[in-house]
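What follows is a pair of complexes built around chain A, which joins chain B in one and chain C in the other.
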Partner chain A sequence: MPLLFAQGLRKSFGETRAVDGVDFFVESEELVSLVGSNGAGKTTLVNLLSGLLVPDAGSIAFQDTDITAVPVRDRIRAGIARSFQLVNLFDQLSALDNVRLAIFSRDGTTRQVLRLAERNRPAREEALEVLRDFGLEDKWDTPAAGLAQGERKLLDVALAYALRPKLILLDEPTSGVGTREKGTIMDAVAQLVRERFLAAVIVEHDMDVVFAYSHRIVMMHQGKVLAEGTPEQIRADERVAAALLGKA
Partner chain B sequence: MSGVQHSPDAAMPLDTARGAHGVQPALWYTAALALLALLLPFLEGVPVIGWLASPFQRIQLTYGLVFSIAALAFNLLLGYTGLLSFGHAAFFGGAAYAAGLLVKYLHVYSMEGFLLAGLTSATVLAAVFGSVCVRYTRIFFSILTLALSQVLWALALKFFWITNGTDGLSIPTPILLGGLVGTAGDKVRFLSFTYYYYVLFIFFICVAVMGVIAASPFGKALQAIRDNEVRAQFVGIGVRRYRWYAFVISGAFTGVAGALFAPLNGLTTPDILHWTFSGKIVFMTVLGGFKSFIGPILGGVAYNYLETYVIKTTEYWQMLLGIILVALVLVMPQGIVGVFAWGSRRERRNR
Partner chain C sequence: MDVLLAQLLNSLLYAAVLFLIAGGLSLIYGVMRIVNLAHGSLFALGAYVMAWGISRVAGASGAEPAYLIVLLPVAAAAVGATGAVVEPLFLRPLYARAEEYQLLLTFGLLLILEDAMRYIWGATPLTVSPLWASFGSMHVLGATYPRYNVVVILLGLATAILLWAFVFKTRFGVILRATSQNRRMAAALGINVSAVYVQAFALGCLMAGLAGAVIVPIQGAVLGMGVDALILAFVVVVIGGLGSLEGALVGALIVGLVRTIAIQYFPELELAVLYLIAAVVLITRPAGLLGRA
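Let's look at the complex of A and B:
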C-alpha cells in the first residue's frame, strides 16, 4: 500500500462538486504535484486529506490506517502536515515563536506551564535552524504580521516543515513569492523529500517548477482527475496541453 | 520598542527573547516600583512621595493591588487567549463569598483558609463555567460567561438565609500565617501595614507565576490560538482544551484576588458578583493596556484611584467611565502602557 491512499473522494458545496470522485495516492519519498486551473478542486482535495473538511463520500488511509474521520490533531500526530494557499500564521508572534510553536507542539511541550519557553534551548536552536533553511534568520524577531508577503509564505511552509511530518501537503507554496524565493522553497522541500525520506504533495501553477521538481503529476479539472503521470508523460499529453491553454 | 503593538509580552521583563534594548529599562522600572512598594510604609513624611505613604493611601494601594491581580488573571484570557469574559465577577465574588461562608459556618478566621477556600471555589466554578463557555468564541463566549455569572449573582440574592442577601456577609480581621504576624487591635494599622505587606507579597507571587505562565510554551500556545485558531489546530494544539485550561487558570487567580478583597472590604455584597463588576475588571484591563503583560497591573491601581477620587467629585461617575472607555478604545487601545511606550520611543528618537 502507498503511504497515503484515498478512494472515491467527493465533496460538494451546494451545487458545486468541488471534488467529484477522486482516487489519489502518494508513495513514500515521492513528490507529487497537483495541478489544474482555478477552481479545479485542488485546495478542496488538500482540505479533505488534511482533515479541514470531511468528505461526503470516499475513504482515506494513511500508513494502512483509515483516517477518513480522524480529527486534525491526530492526523498531525500521525505525520501529515500542511501549509495554506492563503497564509495562516500567528500574526502577533515573532517568526521565531511561530516556528517554535510547531516544535513545542510536536514535542508535546506546550503542556509546560511553569517553564519559560526561552529556557528550552534545543527548541530555540532548532527553530532558528528552520528559519535559516528558509532564509528567514534575519527576521526571527519580526512579528509575522510585519513580514513581506513572500516571507509570510515561506514562514507558512516552514511551520509545516518544522513539524517533521512524513507527508507534507503544500497548497501553492510559491504563489506570490519572488522567483528567487520560489527556488528557496522548492529546494527546501525537495531536499526534505530526499534527506528525511518524506513525501510531498504540492499544489502548483508554475509548470516550470512542476516539471523540474515532481516525480509524478496529477492534473485535476472540474473536481475530477483529468490526467496523471510522470513529467514526461504529462508534457506529452494533449488533454493537459488543452486544459493548460484553456487556463492561460 | 515598536513590538508593543504586536506582541502582548513586548513590555514584559521576563521575555528574554526581546532585545536588551527594550528589556533593561522595563526591568529597572519594575525593580524600582517593587522597592518603592516594599518601603512605602516607612516613607511617611518624605517629601514628594510622603503623601502616598499615609495609612489611607496604603489601603488604597492595597485595593489597587488586589484589582491588579484580578485584571492580570483576566488578561490571561483576553490579551493572551483572545477571549473576552464578562463573567469574572463570579470568580472574584465567588471566592470572597467562600471566605464569608467559612467565617459564618465554620468560624474559620485564618487568612490562608480564606485563600484556600477562595482559590478552590473559583477554580471549581471556572472549571464548570469554562466547560460550557469555551465551546464558543467572540460574542457568544462573552454572553455565556455573563449569563452564567448572573446565575450566581441571583443565587446569592435568593438564598439570603445563607448569604444575607443584599446585606452581605461580614468578614472580620483575619489571622495571618496562624497568628505569626501582628493581629493588632487597630483595624487601620492592621490593614495599612500588616495586611498591606501580606497582599503585596501575594501580589508579587501572582505576578511572577502569571508572568512565567504567559512566557511558557503553554502561554505561547494560548497566543497562537488567539492569533489563528485554524493554524493552531494545524500545528497540533488542542484548541478547545487549551482555552479551557486558560479559563480555569484565569478564574483561579481571580479567586485569589477575591479572597484578598474580602477582609480588606470587611464585607462581601452581591455587587461583586454582578456583571457590572465583571465590566469593571474589563475596564481596568483595557485602561492599563491588554496588549502587554504589565498593563493590567497599572490598570488595576489606576482604576481604584479613579473610582476613589472621581466618584466623590461627580455624580456622573458611570457616564465618565463610559466616556473614558470609548476614548481608550478609539484613541489609545494600548492603554496606559501604550502611552509610556510611546513616550520612551519619542525619547529614544530624540536622542
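Let's look at the complex of A and C:
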C-alpha cells in the first residue's frame, strides 16, 4: 500500500462538483505535483487530504489506517501537515516562536504548559535547526511580519515541516515570489524529500517548477484526474497541453 | 506630605483592583475577540462569594481573623470555574455568528448574574470589614496606612508580573498569543483552539473574581457594583488599548491616579474627568495608548 491512498473522493459545494470521483495516492519519499487550471479542484483535494473538509463520498487511508473522517489535529499526529495558499503566519511572533509553536503543538499542548519557553532547550534547538534547514537562521528574531515575501513563504513551509510529518501538503508554496526565490523554496522542499524521507504533495501553477522537481504529476480538470504520470509522460501528453493552453 | 502619600497609595490600591478587572477583560478580548459585558458581574460574583465564604467560616462570632484571606484564591477559582462553564456552554455556539450576538449574549449573562446574586444573597450589602480591620495598619514613610490595602497593592503588582511571565515566557503563552493572532493557522498546526479559549476565558474570569474577592473587605459586596466596575474597566481599556495587557496596566494606573486626584479636589467631576480622558484618547489614538491599530 502507498503511504496515502484515496479512493473515489467526491466533494460538492452546492451544484459545483469541486472534486468528482478522484483516486489519488502518494508513495513514501515521493514528490507529487497537482496541476490544473483554477477551479480544477486541486485545493479542495488538498483540503480533503488534510482534514479541513470531509468528503461527500470516498475514503482516505494513511499508512493503512482509514482517516476519512479524522479531524485535522489527529491527522497531524498521524503525520500529515500542510501549508496554505496564502501565507499564514503569526505576524507578531518571531520566526523562532512561529516554528517553536509548531513544535509545542506537535508535542502536545496539555503537558508542561507552564514550562518556561526559553528554558525548553530542546524545543529551541530544534526550532533553530528547522530555520537552518530553510536558510532562515539569521532571521530567527525577526517578527514574521518583517520578513520578505519569499522568506515568509519559506517560514510557512518550515512550520508545516516542524510538525515532523511523513507527508507534507503544500498549496502553492511558490506563488507570489520571484523566479529565483521559487528555486530556493523548491530546493528546500526537494532536499527534505530526499534527505528526510518525506513525501510531498505540491499544488503548483508554474510548469517549469513542476517539471523540474516532481517525481510524478497529477493533472486535474473540472474535479477529475485528467492525466497522471512522470514529467516526461505528462510533457508528451496532448490532453495536458490542450488543457494548459485552454487555461492560458 | 502624609496626606499626599496616603493619596498616592490609595490610587495604587484602586489601580491594582482595576488592573485585575480590566486585565481579564483585555485578555479575553485579545484572545477571543469577545467583549464580555458580563465581566463586571463576575467581579461582583467574586466579591459575594468571598463575603459569603468568610461569614460562613467566621460563623456567628463575627470574628474575622487575618488568616481568612486564604479564601481569596478559593473565591477567585470559583469565578474562574464559572467562566469555564459559561464559555463552552453559551459562547462557543456563537463564534460563527456576527459580533452583535456575542454582545447580546454577554449582556444577557450580565442580567442573569445580577439577578442571581440578588436572589441568592439579597439586596442588603454584605460586609466583611472585620477582616480588613484585623490586618491593622502600618507606617509607610511616616504615614499610617491600612496594612490590608498594602497587601492588595502588592497582590496587584504580583499578578501583573505573573501574568506577564505567563503570557510572554511560557509555552502556553506562546500558544495563547499565536491563537489570538491567527486562529485558523493555530488550528491548522494542530492546536486545540477550543481548549485555549476555555482556558483564556476562565483565566480572565478568575482575575475578575480575584479583584472582587480582594476588594470586598474594603468596600463590601453591593448590588450594582458589577456594572460600575464594568464601566470603569472599559474606561481603562479604552485608554490603554483593548487586548493589551500593558495597556490595561497603564490605563489602570492613569484611572487610579486621576480618580484619586479628582476625589480630593473636585469630587463632583470624578467620573466626568475619566470619561473626558477616555474621549481624548479615543479621538487622538483610537486604538488606545498601547493598543495595536
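Rule of thumb we're sticking to: the second predicted complex is superposed on the first by the 246 of 248 C-alpha atoms of A that agree within 3 Å, B and C clash if a C-alpha of one lies under 4 Å from a C-alpha of the other, contacts with A are read in each partner's own complex, and residues count from 1 in each chain.
The criterion applied here is as follows: contacts are C-beta pairs under 8 Å (C-beta built on N, C-alpha and C of every residue); 3 or more make two chains touch, one makes a residue touch a chain.
Fair warning: this is a prediction, and the values are worked out from it, not measured in the lab.
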| item | value |
| --- | --- |
| Chain C versus chain B on the shared chain A, clash or fit after superposition | clash |
| Touching partner for A:73 - first (chain B), second (chain C), both, neither | both |
| Touching partner for A:21 - first (chain B), second (chain C), both, neither | neither |
| Which of chain B and chain C A:141 touches, first, second, both or neither | first |
| Partner chain(s) touched by A:2 [first = chain B, second = chain C, both, neither] | neither |
| Chain B versus chain C as contact partner of A:96, first or second or both or neither | first |
| Touching both chain B and chain C, residues of chain A | 50, 52, 72-73, 76-77, 82, 84, 88-93, 97, 100-102, 104-106, 109-110, 112-118, 120, 159, 163 |
| Chain B contact footprint on chain A (complex, rising order) | 50, 52, 72-73, 76-77, 81-82, 84, 88-94, 96-97, 100-102, 104-106, 109-118, 120, 123, 141, 143, 145-146, 159-160, 163 |
| Residues of chain B that touch chain A when the two form their complex | 3, 6-8, 14-19, 209, 212-213, 215-221, 223-224, 226-228, 230-238, 242, 249 |
| Residues of chain A defined as touching chain C within the complex | 50, 52, 72-73, 76-77, 82, 84, 88-93, 97-98, 100-102, 104-106, 109-110, 112-118, 120, 159, 163 |
| Of chain C, residues touching chain A in the complex | 166, 169-175, 177-178, 181-182, 184-192, 195-196, 292 |
